[in-house]
Every structure is written in C-alpha cells, then in structure tokens.
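Reading through the structure tokens given below for one structure.
We just call them A, B, C and D in the order they show up, numbering each chain from 1.
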Amino acid sequence: MIVVLKQNPNQTQLDSLIAWLEEKQISVNKSVGTSHTILGLVGDTAAIDPDLISALEIVEDVKRVQEPYKHANKKFHPEPTVIRVRDTQIGGGTLTLMAGPCSVESEEQIVGIAKQVKASGATVLRGGAFKPRTSPYSFQGMGLEGLELLKIAREETGLPIVTEIMDIEHLPAFKDVDIIQVGARNMQNFSLLKELGHQEKPVLLKRGLSATYEEWLMSAEYIMSGGNHNVILCERGIRTFETYTRNILDIGAVTVLRHLTHLPVIVDPSHACGKAWMVPKIAPAAVAAGADGLIIEVHNDPEHAVCDGPQSIRPEAFDALAKKLHGLHRYMQEE
Amino acid sequence: MIVVLKQNPNQTQLDSLIAWLEEKQISVNKSVGTSHTILGLVGDTAAIDPDLISALEIVEDVKRVQEPYKHANKKFHPEPTVIRVRDTQIGGGTLTLMAGPCSVESEEQIVGIAKQVKASGATVLRGGAFKPRTSPYSFQGMGLEGLELLKIAREETGLPIVTEIMDIEHLPAFKDVDIIQVGARNMQNFSLLKELGHQEKPVLLKRGLSATYEEWLMSAEYIMSGGNHNVILCERGIRTFETYTRNILDIGAVTVLRHLTHLPVIVDPSHACGKAWMVPKIAPAAVAAGADGLIIEVHNDPEHAVCDGPQSIRPEAFDALAKKLHGLHRYMQEE
Amino acid sequence: MIVVLKQNPNQTQLDSLIAWLEEKQISVNKSVGTSHTILGLVGDTAAIDPDLISALEIVEDVKRVQEPYKHANKKFHPEPTVIRVRDTQIGGGTLTLMAGPCSVESEEQIVGIAKQVKASGATVLRGGAFKPRTSPYSFQGMGLEGLELLKIAREETGLPIVTEIMDIEHLPAFKDVDIIQVGARNMQNFSLLKELGHQEKPVLLKRGLSATYEEWLMSAEYIMSGGNHNVILCERGIRTFETYTRNILDIGAVTVLRHLTHLPVIVDPSHACGKAWMVPKIAPAAVAAGADGLIIEVHNDPEHAVCDGPQSIRPEAFDALAKKLHGLHRYMQEE
Amino acid sequence: MIVVLKQNPNQTQLDSLIAWLEEKQISVNKSVGTSHTILGLVGDTAAIDPDLISALEIVEDVKRVQEPYKHANKKFHPEPTVIRVRDTQIGGGTLTLMAGPCSVESEEQIVGIAKQVKASGATVLRGGAFKPRTSPYSFQGMGLEGLELLKIAREETGLPIVTEIMDIEHLPAFKDVDIIQVGARNMQNFSLLKELGHQEKPVLLKRGLSATYEEWLMSAEYIMSGGNHNVILCERGIRTFETYTRNILDIGAVTVLRHLTHLPVIVDPSHACGKAWMVPKIAPAAVAAGADGLIIEVHNDPEHAVCDGPQSIRPEAFDALAKKLHGLHRYMQEE
C-alpha cells in the first residue's frame, strides 16, 4: 500500500500514523520527493482500510498494491475452482445452465418446468421461495412451502436446486438445498455472509447493484474466510443512469473476474435486462465472453402468471436457446 | 398506473393481462390512439409491480401515477412526524445534532466524548458497536460490550443513544437502545426491516448507496406497514462516477423528501464525503437546505485512533460547528 | 405524451398549458380520475420537450408514448440501413471489422498496419489524426498531416478510412475521408452534428460517456434531419461507479438499438475496457450479441509507442481474433 | 506518478517503458518489493496520460501523485482568483447572483427581467441566445438576434451579460459579450476550449454531466494554458441513477474545488434540479457551502412561456430569495 502525504504534513500526526501501522506489523518506508512524501507500506495490509487512511488530514491519497482478498485471489490459487453438486459441476470448462421460474407457485408448475428445462440441457433448477421485493405489498414468495416443492422437483428430475436465502434464521431450512443464493441486495449483509461461511453448501453470490469488483470479491472473502470455499459469483447487471433496461449487464465483469479470481463466474441475463425478449439476444454474449454458466428464468405460462412473466422466457424458447448456447460454448473452446 | 402497449398487441396476452389486473380489483380503462393503445389502471395499484408489467411482451412502457408508499406518503399525512426520545425530539422545526465516535472503543472514550458533545449542544449520542466493514479482516466493532458502554455514557449524560444493528438476532440486545440505526448496506435487508416494524423503537434508516428516493421510502414503508411509524430518514451520500470523495452528498434529497414524505430527514456529512476536513464546510449546506438534523462523527483523539480518525472531527471543531449550525438554523427559520 | 397533473392544479396555469400545446397543433384529452387528472397529448409531440413540461408547477410527471426520433426510428423504417463505402458495406448481415492504430504516427506505421489488418480480414482502416485528449499537455495528434497519411494507406490497400473530426472548421479537409467519426465527447456538440447533416459522408457516431439510448438516437436525428441518413452508431462503453476498467461495455445496447432503430450498430471494445489484454475476450461478446461490426485498435509496435500501446493489440493477435470472430458470426447467423 | 508493475514483468517491455519515460525527461526510481515492483516517476508528469500507462500489459496500476493541472492548481497559485467585469467582480468574498431567463424571447422580456433582477441585487444578467437542445425539433434559440437584445438589456441596466457559445464560428459575435458560457455538453469540446484560451473574455465553464473534478479542471487548463486565466467554474448537477430530479447537485464540489483550485466556483440550482419549486430550497445550500455565487433562471411570465417556465422562478420569488441569500452570505462570513 502506498500513502501519498500532503505537502508539509504535521509531524505529530505522521508519527502517530507510523506508530499505529507498526503496531499492526506493517513496516513503513518513507521516501521524500520534491513535492510530496510517500510512504510504502510492507506487510499484511489486507486488514488496513484505505478509506480510513485516506481520510486523515495529512494524507493526500492512498493506493493499494496488493489486493485485499486472499482466499478469492487467483494469485494465490491459480487453478480454477470447480464446484460439484450432485451429478453436475460448475466451473472447469463446463457450461452450466441453471433454469427455472422466478417464483415457485405450485407443485405442478415447478415439476413441469423442471422436467422441461432438464430435457433442454439445464443441469441446475432455480426457483424462488423467499422473494426480495421492493414493496411490502408485493407477493413475498411461498416461503418454506416453496422450498418443499423445489425438493419434490429435484426428486422427480435429479436436478440440484438453487434458491435464495433472505434471513439467517432460515438457514436450518436450507440444509437440504444444493446451492444457496445470496441476492444482490444482501451482498453486503455481512452477518449473513459470515453464517454462510460456517456451513458447507455452495453459495451463489450475486453482485450488488452498485458493487465494485473488489467489494464483491471481499463479500466472497467473508464466506471463504469462514471456511466455505464453494462460492459462485453471479453478474446480474449494475445500476447506471440508463433506465430503458432495469440494469446494465457488465459483460466485462466476466473477463475481469477470470483475471482476478479462481472462482466460477455465471451470468443472469434475465435480471440484467428485465425484459424477456432481450434474454435470448444477450445470453450468447455471456457465453462468448467466457462465463461458466447462465441462470435463466423460464416459465411455462407467462401470460397467466404476470407476477413472473416479464423477464421469463418460455420452455420452447429456452430449448432453442440452450442448444445455441451449447454449440457456441463448443465453438469458443476450440483452439 | 398507465400502461402503454406496443403496436398491435397480441390479443390473448392482452386479455390475460386485463383479467389478471381485474382479479386484483384493479379496473382498466382502455384508450385506443392512432399509434398506441393505453391502459389506465384505477384502484389500489400499490401492490402492482411496474417492472413486472413493463417486462411483458405486449407492453411498451409503464408509468405510475400514484406513489406506491402509503404510510410514508405526505399526501395522506400532511403533518410532519415528530419523534420523541427521552428529553428530546427529532423533526417539527428542531435542529437535532447527533454526534459521537465512529466506533465505541472504551468507557473513558465514549463517556468523554458524550460529555463534550452534550456541552456543545448535541442531543443524541452516536457510536458504533457493530461495524459493517467491507473486509472480514477489519475490526468489526466491540459488539455487545460496546452497547453496554453506550448505555453507561447515556447514564452519565442523559443523551439518548443511536447505534447500528446488523443482525436480527441481536434485536433483544437493542431493546434498551433509544434509536436503532439501519446502515446503507442493509437498506433493502427486508427481513430486518420487517422485524423492526414489529417493535417500537425509532429507526434511523440510512439511504442505500444507490437507492432511489422511491426505493428508500419503500424500505421505510416496510417498517411502517408493520406498525412502527417512528422512522427517521438519513441521507449519507450516493455512489457515482466521482471517486475523489467516498460518496456524493445528495443535498437535493432533503428538499425532495420534504415534498414526498412527512418523516424527519437528517444528513450524515461524515460518511457522505469521508474526509474530516470537509465536514464543517458541508454540514451548513444541510441546515440551509432544511434538514431536521445532522449526524456527525466526533473523536477526541483521531491521531491515536486511526481506525476512527479519518472522517471524525475533534470535539473543539464540533463545538464551533454546532454553534454555527444553530445560528444558521435560526436564520433560516426567520420569515 | 401523457401528462399527470398534481392534485388540484391551478386552473390558470392549466389553461395556459393547454393553450400553449394547442398552439403547437397538439390536441389535449383531459381525463379526470379520483386522485389525479391526466392529459393525453395527441399529435406531433416530437417537438415537445418533456423536461420543460415536467418542470411546471402543476405537473406531477410526464411520460412519452411516442419516441421523439423519427428518421432513426425503426417503426417508420423497418428495413435495416446498409451503408456502402467503396467496395464494402456496413450493416445488412455483414460483419465489419474496422482496425488500425489509435494515432497515425508515420507513413511506414499506418501503411504497414493497414496491410496487415487487411490481410486479416478488416474492411475499414481506422486511425486518429486529431486526438481528443483530456489534457492540453498530451499529444494532440498529427492533424492534417495524419489525414494525408491515412489517404496514402488507403491508396496502398483499397481500405476505406474512418477518422475523427473535432472541429467544424476542419470539415473541408475531411471531404476525402470515407467515414467521419464523431467522438464520445462531441456526441452532443449540436453545431457539429448539424454540419455533418448537411454533407453526405457516412458518420460514425460514438455514444457519449453517460448518454442514454434516447439522447444518442436524438444526436443521430440531428444528422439525419439535415438530410444525411448514413449514420453508424458505435457503443464504446459508459461511465459508471466501477473504476477497474476505463468504462463499462453496455452489451445490451446492441440488442436495444436493434429494437429501436434501423441504423447499423458497431462496438468498440478497445475504448470500452481500456486494456489491450481484455479486447480479445470481450470482442466475441459483441458479435454474439448481434453487432454489425467492431472497431479495434491494432498497433504493430506497442512497446515503442506507449502513447498508443495500452489498448491496442498487435497485428498477430488481431489476425487470430478476426478469424475467431468471423467463425462466430457465421455460427450466430445459422438457423 | 507511481506505477505498480505486475508480478514478473516482461523485461523488454519494462525497458521500453523506462526508455520512453526518460525520453520525456522523467526520471524513474525502481523499488522492488516482495510481491510487486514499483516505479516512482519524478519530473513533469503532467504530460503523461496515466490511462495509457495503466493499459500496458506489464502494468498493474498507476497512481498520480501530482495533479495534472498547473495553471488551475491552488498549490501554485494560493490566492483566490477575482474576475472583474464592468462594475462587478466574481470571487474574492463577494456573493455574485447571475439571473435572467433561460432563453431571450423579446426586447420587452429581457429588458423587463433585467431591471427586476437588478433591483433585487443580481449583478450579472444571464439569457440564452443559442440553446443546446437534445432534440433538433426543439426551439434552438434566437441566435444572433438574441445577443443583440441582451446588449440592449445591458445598456438599460448596466448589468454585464453572460450567455452560451455553441460554435467556434460564432466567436466574433461574442466579442461584446461580458462572460462567455461553455455548456455542460461542450465541457470537453477541446477545439472550442482552445479558441477561448486565445481571447480575453472571462469564461463560465459548466461541469460536464459526468465529468470528474480532475477532468473539469483539465478543461479549465485548456483555456488557461492558452493565456486566458479568467475562468469561472459552474457546478450544475451530475448524472446519476436517480431520475426524480434531472440531475443531482453535487454540493461537495464547492468544497473540493476550493481545496484544489483558486478559480471562483458558482452553482446553478435551476439546472441541477430542473424544477422551479426546488430552486429556493436548494440555493441557500450553495451559499452555506461557500460558493462564490449562483446562476438562477428567472422569468416574468412562466405560464405563457412554457418553453422557459419549468426551472424558472418569478421575479418576486427571486427577490425574496436574493435577500435571504445575501443575509446568509453575511452570516457565513462572520467569524
């Protein structure tokens, strides 16, 4: 970490900063230039918050040299992480398609869709039981009953299930879920992340609406530093000034994360754009950019399920899309 | 709510949408124009998620006419909400100054600062016991012990205390706290909001890093619809493209919220800019814009408490600032 | 256009608004609801600025129903525009690769690169003569001399040339350029756009750093309404809160623009990420999303041309990439 | 400037970078750490574009230590710049109120408003003759005729005039204008900035919609490096994810610019929020934050001038506001 001091820094404050750093086992190299003095911090700087230092009166600016994440850092674990759930795997050259409805509505619905998406090549079933909704007056999901229906669909198809947790207190009920999803709005719910680090289920960690890559990886680090290294990152669009689509898919995130981390990276085109008609157009871009998979909303009857319909494509559309994506994946992997 | 349909919408899908709306007791007026058909939705549209409708294939665009929040809506409660805690009040023409350290560190520290800020005119003591930190390797606060120290400081000074909750499971320990703070990163932790709606303590709800006014008010609505109407909104800066300061203080939020809601609005200049030297320059702007109060980080020894220092001003600086702000508040209230 | 009025609007102001609209040949249908009055505006509303109306005291909100662009609107011109320059075309199912150095540096350099990228399958040569630079102290390009060198490279290879204009006064010197580029920072330089509408050369219009789709299309409309319908849109990344990459490539823009306009859409992966190593990873995503082409920076000696190197790939890398992209384009076009 | 290299950088590329820097009279200190090598660049680094270096394959990150602007830098010119126009001044402890209509419409209108705002304490008259409009179909201003009417209003009142230039070719017509305004959309129209540096009139430089402080100051530097040091910076709101108001006023910009530059800083509350009713609420915040002045839209008949009305307050409202602001300015300047 490099600390650029203001001109003529107050000596007492500077001594105090250096003493504080040395207490933390950081050694400090001072280099005095014509216009600025620069401190080079050597040691385990991961625990040093650059915001805290940059806010000091004597400090002009702070620059990290080492990434603050360790377990998630590709430099220390160059091999890609492969996550195995039941008969399938995520990462390591496979293209994983997770598919299913936004919300679980009934046994018939979820089992029906599960069978269809399996036939089309999906290897994980998604479906919301607890739904994070902006409004307290909107449908909040079927809750525990929805979890049970997902398990029935798993039994019928063999597909592992992924579903969102919203509350630490529900963790016991998620014991039998295959992949636990953390939604964008909970990406920095640190209490929840810590708990998920103390159990073994893989975690699908969605990117926060305005989270930087580093913040996202630090949230993964919360889980990993607790002992659970099975984290899947999911890009789902970021918030910008543009309002035509609900979010903007940051396709470059796939490339950047490949460079920074060994964790698998998947893309959620349904939430990124929020419009069903855009999903089949955008999903191929994620595969072409090298994503390990996609999570796609599929509904068998969008017209009679408005609450679910908007960003969901139909099983037939998913079938055509899945074929296209698998062919594309093969093409991209050819030398 | 107004729904603009695409040209030549599929009739089956349109019938299905209308049937679904009517099931929800919404009546639909259809108006056919030269290039577009428009549906006017009349009834309680608060439970209708516009994103869901706008995602339908036949829909071009959706526009709310009524705000989706009720309890928080000034139209239905024109009188400003005044929140009383111990001997003080928030809202209703008072200028409330909440002050104290970022983190509680020791009895001596918190009691010392509490006495100083009280003497300078603060009426609420702030101090973090549970700290939301981006990195799992950073100091996470004193936890329950910090809560106890805050209570000692309250006993010594009579100042009510405000401190952040990060976990529903801690709620029993917050029974004796005067105002419960929800941090920016938990603004859409809906499970937490619901629980806070089922108890009586006032809640200080910070704006999420990239939350719109409507989303913020909908989070207040989560608390209020549970029965707890004592919500204080706190603008603390939003995330933008500019990185010189940690966030950008949205001073217009004060004006807009005054227009939309009856809830008190306070401003946190310390987190908005993240630089102590900026706080005394920016705080007056909040008072001039009509905020009901400010929450300001004050530390008695920033040099020896780097973890806390950056955005904290010293008690002497707070004393001068508080005097300036109170005079400014009186000037702004003169006819 | 729909205008939602505030409750109990001032009658004089309302009459004045209606009179003003009728003067502009807009007929107004008033519909009075329980809580709000709504005005439906029928006629050519393209000239009505919604911001102006929404700022009126009596107005709660304004919603466009018709897009404000006409010439650029796919509804009125469903057939895709195909732009022909010399022996090549842009749009209409072709994949166009525009390639070349950031800046023209010498005859040897530009001719050498032109030959190499042509051999790899590029059909347009790019190269900057006038360079928009944030700092007045940075190299500003070779200027008119650079234009001459581009023409020599064209003569040697037959490749049409695209280069950026920064100043209306240079227009005569661009008479012999094949495609005139308007940079992101000039996307709303309306004087320049108007002039480009009064000449015939195709215009490559880059998206502004924080331009919405509508603003971008309105800038195209400035050119088209002057008589020049040969506009190519170029997505080059938008500005967000993330600073790891220079910009964020908005891959969804390709899909959205396909839906809204008949103009060809190309993608600039070099400026979108600002890092050469990311270009070959991101470029395929643009083809998979359906772009009509890419504009890619290629330099034959990045190490000795730091000013140019950072976001430029080498000719060999371009050669491999171009092959991959053409195969991908064929795969995506298969039924 | 500090350059952090990737681990094990390619030696040829590193040598090439160092040679290139030394050619530019920059000396390079190499410091090899356990995990990273760091280059410290000493000399006049203003001409070095950090984006270019950070894009090199061997480079992990680049950090400026010195600001890239010189003429605009407070470090080299600690005294605040005071700009004198006719009988008034901008900067140096004065509160300047610039007021007038969005667009000049007629002699009667502009002279009438000029007299009224002068009586209320405005010292500069604003009024648009050339209007930058998103749509080519919107009213584009009276043009040269509008300039003449502004001069008549100046003659009648003695108020200096400020108005926007959109085109270099209009510069001769602006010879007799007192302050030339550069709009937000032209903040990086470098050709225009250069020309304005070669003449003597003061320039009011509005911040671009998504311009960082540094980019803004670099645009000022374009003007100043040409010889014209009379630059006034105008904060007018930035673009964010929030759409309730047209832009978000960045009140902290006033504080930050005071710290970075000696140039006067004024605030435009009318464009920042885009709603007339918000202007009197937000304007005091700018004065409390220490702005040197405000530029406010005032119209004598907003109801009959819809094109102008939305963000304009009436002369009576301006009169009350101006009094409040002057009292506030006096209060803020008291010790």
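The working rule: contacts are C-beta pairs under 8 Å (C-beta built on N, C-alpha and C of every residue); 3 or more make two chains touch, one makes a residue touch a chain.
A quick note: this is a predicted structure, and the numbers were derived from the prediction, not measured.
The chains in contact with chain A and with chain C alike are B, D. Each chain's centre was taken as the mean of its CA atoms, and the one lying most distant from chain C is B. Centre-to-centre spacing of chain A and chain D amounts to 39 Å, using the average Cα coordinate of each chain. Between the Cα centres of chain A and chain B there is a gap of 26 Å.
Shared contact sites, meaning residues of chain B that touch two or more other chains, fall at 210, 239-241, 243, 277.
Listed in rising order, the residues of chain B touching chain D in the complex are 210, 212-214, 238, 240-245, 248-252, 254-256, 258-259, 272-273, 277-278, 281-282, 284-290, 327-328, 331-332. The touching residues of chain B, when paired with chain C in their complex, are 2, 4, 7, 29, 31, 33-36, 38, 40, 42, 60-61, 63, 65-66, 75, 210, 239-241, 243.
Looking at the complex, you find that chain D touches chain C at residues 12-13, 16-17, 20, 46-47, 49, 51-57, 68, 132-138, 166-169, 185-186, 188-191, 194, 209-210, 215, 218, 221-222, 225-226, 239, 246, 274-277, 302-304, 306-311.
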